[in-house]
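In the two assemblies presented below, subunit A is common to both, partnered first by subunit B and then by subunit C.
Moving on, here comes the complex of A and B:
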């Protein structure tokens, strides 16, 4: 067996999939590690926290290192570590629904646009209209109708992602369908649907993968921004943005109030940006 | 140029028209009777009837819409029921504050963007390059509410050199006004400055690699002159377009930055109107903000077409 294996010419090393190569770079690894850390903290929130996120103790605005409260307590005596961890959890829950939702709707619209010129015009104008509302103004508009809460936050994030994904995929499909290999497949008698699913879409997908990482950053941003504008998830439920915005009036007396969410949001978005950049570099090669 | 404008204008108008329908529909989508909501829980039926009369809520929808647009065009926006005062005055005050903030931020964007771009493209110092890279990556990734809180922590709480929020109009008290403007303008500007810096860096690097620069280098032109007279002007047009697009982003971002720094602009007015359910004001503001946004985009396209003739004939 061994001799036979040795006699065989060494097979050419199979090139690694570009995504895996991207995530194996120092940049990709750091990014994934940072994101993983935050996600893990969010997933394990109930185990790590030790207090409920809305439980109040007698300590109002206690500093860090108070017995039982490693990060201190907030103005209402709630444990800041518990609020931070459950805030991460809430953010992740919102983002995990909103970004895929926006991506799916955007991609479906792009497919419709690729199918028919009239649909293309309608879809393009719809994207223009969404983009004409700067993200946060869209947030205000949606909340004006639905009132503040979790649903409007998800909706605003999803709506903001629709044109991003839709335009990327539409451009990708247009570029790829002009390529010679598509013409070749068509001449070879491959059906339109098969060309789309087997040839065009896999080749148009790369920018979408990068966009997912970018969109997750945008989602963290929108959730936080909506909390700051008072149109986010309703208190007392904690989110990263909500905990941070509640700390604003106390920055002078109790800077530690803001520390947890500041570090967490920064870690999360830096991790996501590094991952996106690593993917982008590898794909563009 | 005029032909390009004529071709570009209809789609801009279409977007505006659709936006006005959306903003108009908002007030009607809100559950419950708008007049009752506006008048508040303790209002007498007479007040409610007066509001209903003033808003023309009993008229057919097209008539209501036309009356609203007519009011907007003639500047007659009526009184604000929840906030008090004339809507037009409220919006004028807010607009002044928001414009001041946006212009201040634009100055930062240009200055920081130019510094990031030129240093990033021409510096040979590892530390300078590293600093520029960390700053641009950070400014792009970290959301403004994080930078905002950090800026307040450092400059207002730790150092105590700048106020943590609020506004003194720049025109009434320039020296004090600048102090209040610095932090919010910087916070608003950072992401756009990072984008601009990256584009400028790429542009300069690309131009520096071109043939005419090699010719100029061979002719013995000093590197400094090469950069300022030859590379920079050629790298500039796409950056100018980008600056226009970023101005739109600044307007959108201003809503958030105003909330962080208690800056009494349009964003704060919108938030206030929303909280107090003053829907006519929300409706006016939405359309106003979208209009400004669309106009900035149109202007950007025109400047781009002016700088790059290929666009006009596409």
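Moving on, here comes the complex of A and C:
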């Protein structure tokens, strides 16, 4: 009956936080680098662009490499690089507000659902209702009421993400509250609130981190699709979807017009997906 | 003598750890298996026994790979065979039976379909022949009325019957070898007995060789001719069961045998254990794997890896001193009596407790049906019963984790059955609980220090500043280094985690400690440490213990009094020694008879295994 612990020498490497370990993998690094590239471009837009996004010049549909316009100009003679960079900025501004908003509302509803059976039924049916509408139908319905603009886009994205976060956290809470260590905490006299915040939530939160990365991807698509359909941010303010939409009639004669937003969206989505996948693999272990 | 059926030479298996290191799970394992022989591979968790079995069929999970050695089946090399060839060997030449019969059958397929698919995979084309063969197989494994039962789904079979069906499936291809990985671990003692008898009969009637992987010495004694003892990925001893179990050569075998609780050991004696913890397989091994825990270790044991050498004609042992000694190790001294104070006044009384679980649309299930018991200060009340007898529900009701539906619970004569918020808090401070699963009962996100401090916080004991000191004191009390407080549960072994669980339960200074199967998830060599700790704590702190277990032998040694539970009722209660020696209830008698003892009774009843080997 002697002391057992600490007999073994501590392992050479200190165990890192699993999230940091996940992001240090090749997959995680690539994902972060791609996302970082796009985010940096958006943040530095005013410095890099050289023109205002709505400044017009005499050159319409100039090709890439035109002096003063590295990516060329659009049909109205506006600099494409400036429009692309400011478009990224606008996009990031929207999803950076919308996704956390959706996550927060979803989590609050999940907590309410876990607290009371009646609230659970109400919340679950509300989620069903939202999920019954495909994202774009929801977008059209919201803009039909509020009109196009930045706020409706944020609302649509947030609304579309609420059930994903809500369901995930509700399941997590239900699974964790059945675990033996929760019973142990209860028998140990720990109060209900503390059991929730200290025991259940930290263990239920892992999938949410992955979901944020996934939701950001969906948000990029949703914003692009809304602007493309003309129910998003009001022109002439550029967004990635708006630039893409504008380029459609000229696809045959000026393909470089559409290339900028397409490449950017692809990079962003690829980067976010890789990050989500890296986190997910680490958490499942 | 003919060539052996299965010959394993110098088998090495490695796994890659998430950190990129390698874990040497099986090191240089060699053994042979003859036609019709029954071989037990025995060892504790992490000894590499299951990995060895899976490596034979190249079915290693995850990153596992064979890094050396050979496996020959009838002279055919399996470690380098192609996937096509292995498919032909699996099932047809080597059949496998797994541990958990509850999850190994597909719930949406009938038993008939299960057997039909296996038979089809073995090339039986005619449907009618397959059906006839399926009926024959079910009859062989002792399922009554097989024609009718073919159409039933798995949920209509009991755990023991499901294991029989799985054995039938493994036998469908008429294999030469049947590999059974802990086939009875998930089953109750009485059912375990039936399955072992069945396996023994099958090997005799069909001539199939059996490799039985188990951690239970009693199972070895009951079912196998020959035994291979594994420790830390190496074979430490190999020989006829009768010889190895009665005259062990390797100190680990001797220690393991001494650690198995015997039903004959009287109440109030100390369980024998093996000090220390099993080796870390990620570290390189120099010398004997067991040297760090061995009382007889010499200088060379730590530096030279002992080869498996023949000690007698039939027994081989991997121990340098044992090879020279030539004599078996002396039997362990009889268990020492513990001086324990006589129980005091009654603290906890339960009268007619009832608990019914209702589920929508289904029949309700009565887990507790009028259970009454008393518990005195400084007394240990053992509660035994098989799975589903309601013993865990009783623990939870007594600890106020679940409310009872009827009856009364008295604490020091005060009714605390349905306490208010405030009284509940007071009751919990006095009644604490130790849980069965040391892995699930600790929050993985908190450090050990935070876990142990949690009840101190909850009951407002001490200021935050002196809690750290109290935590260190508690950790020392349960035999852990106070430095453990900063680490997370995942860096501890099962036995150490259970100590953390005990420290947490002791934190508020309770009078009653309810232990729900505190040792059933632990290895036998570690079990004794935890039981000893609980006994010492009881003596020093005057705790009243409720000790719940399914192993009657442990319960007898630990308890003053025993209550036997069956289907939610207490069928018999009495003094521990008296109840074990003069059981009155037929159910108690059945439990006592089914408890497997690590004494090779088979050696007396059937022809001696030594003869069977040389035949």
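Quick note on the criterion: the second predicted complex is superposed on the first by the 272 of 285 C-alpha atoms of A that agree within 3 Å, B and C clash if a C-alpha of one lies under 4 Å from a C-alpha of the other, contacts with A are read in each partner's own complex, and residues count from 1 in each chain.
Note that contacts are C-beta pairs under 8 Å (C-beta built on N, C-alpha and C of every residue); 3 or more make two chains touch, one makes a residue touch a chain.
Predicted, not measured: the structure shown is a model, and the values here were computed from it.
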Dominant toucher of subunit A (residue count), subunit B or subunit C: B
Partner chain(s) touched by A:184 [first = subunit B, second = subunit C, both, neither]: second
Touched partner set for A:203, first subunit B, second subunit C, both or neither: second
Sites on subunit C touched by subunit A in the complex: 18-19, 275-277, 280, 396, 399-401, 425, 428-429, 432-433, 435-437, 440-446, 454-455, 457-459, 476, 479-481, 483-484, 492, 495-496, 499, 501, 504-505, 507-508, 529, 532-533, 536
Contact set on subunit A toward subunit B in their complex: 125, 128-129, 132-137, 140-141, 143-145, 217, 220-221, 224-225, 228-231, 241, 244-245, 247-248, 251-252, 255, 258, 262, 265-266, 269-270, 272-273
Touching residues (chain side subunit A, partner subunit C) in the complex: 1-8, 13, 179-181, 183-191, 194, 198-199, 202-203, 285
Residue ranges of subunit B touching subunit A (in the complex, touch as defined): 11, 14-15, 18-19, 22-23, 26, 29-30, 137-138, 140-146, 149-150, 152-153, 156-157, 164, 248-249, 251-253, 255-256, 259-260, 267, 270-271, 274-275, 279, 282, 286, 289-290, 293-294, 297
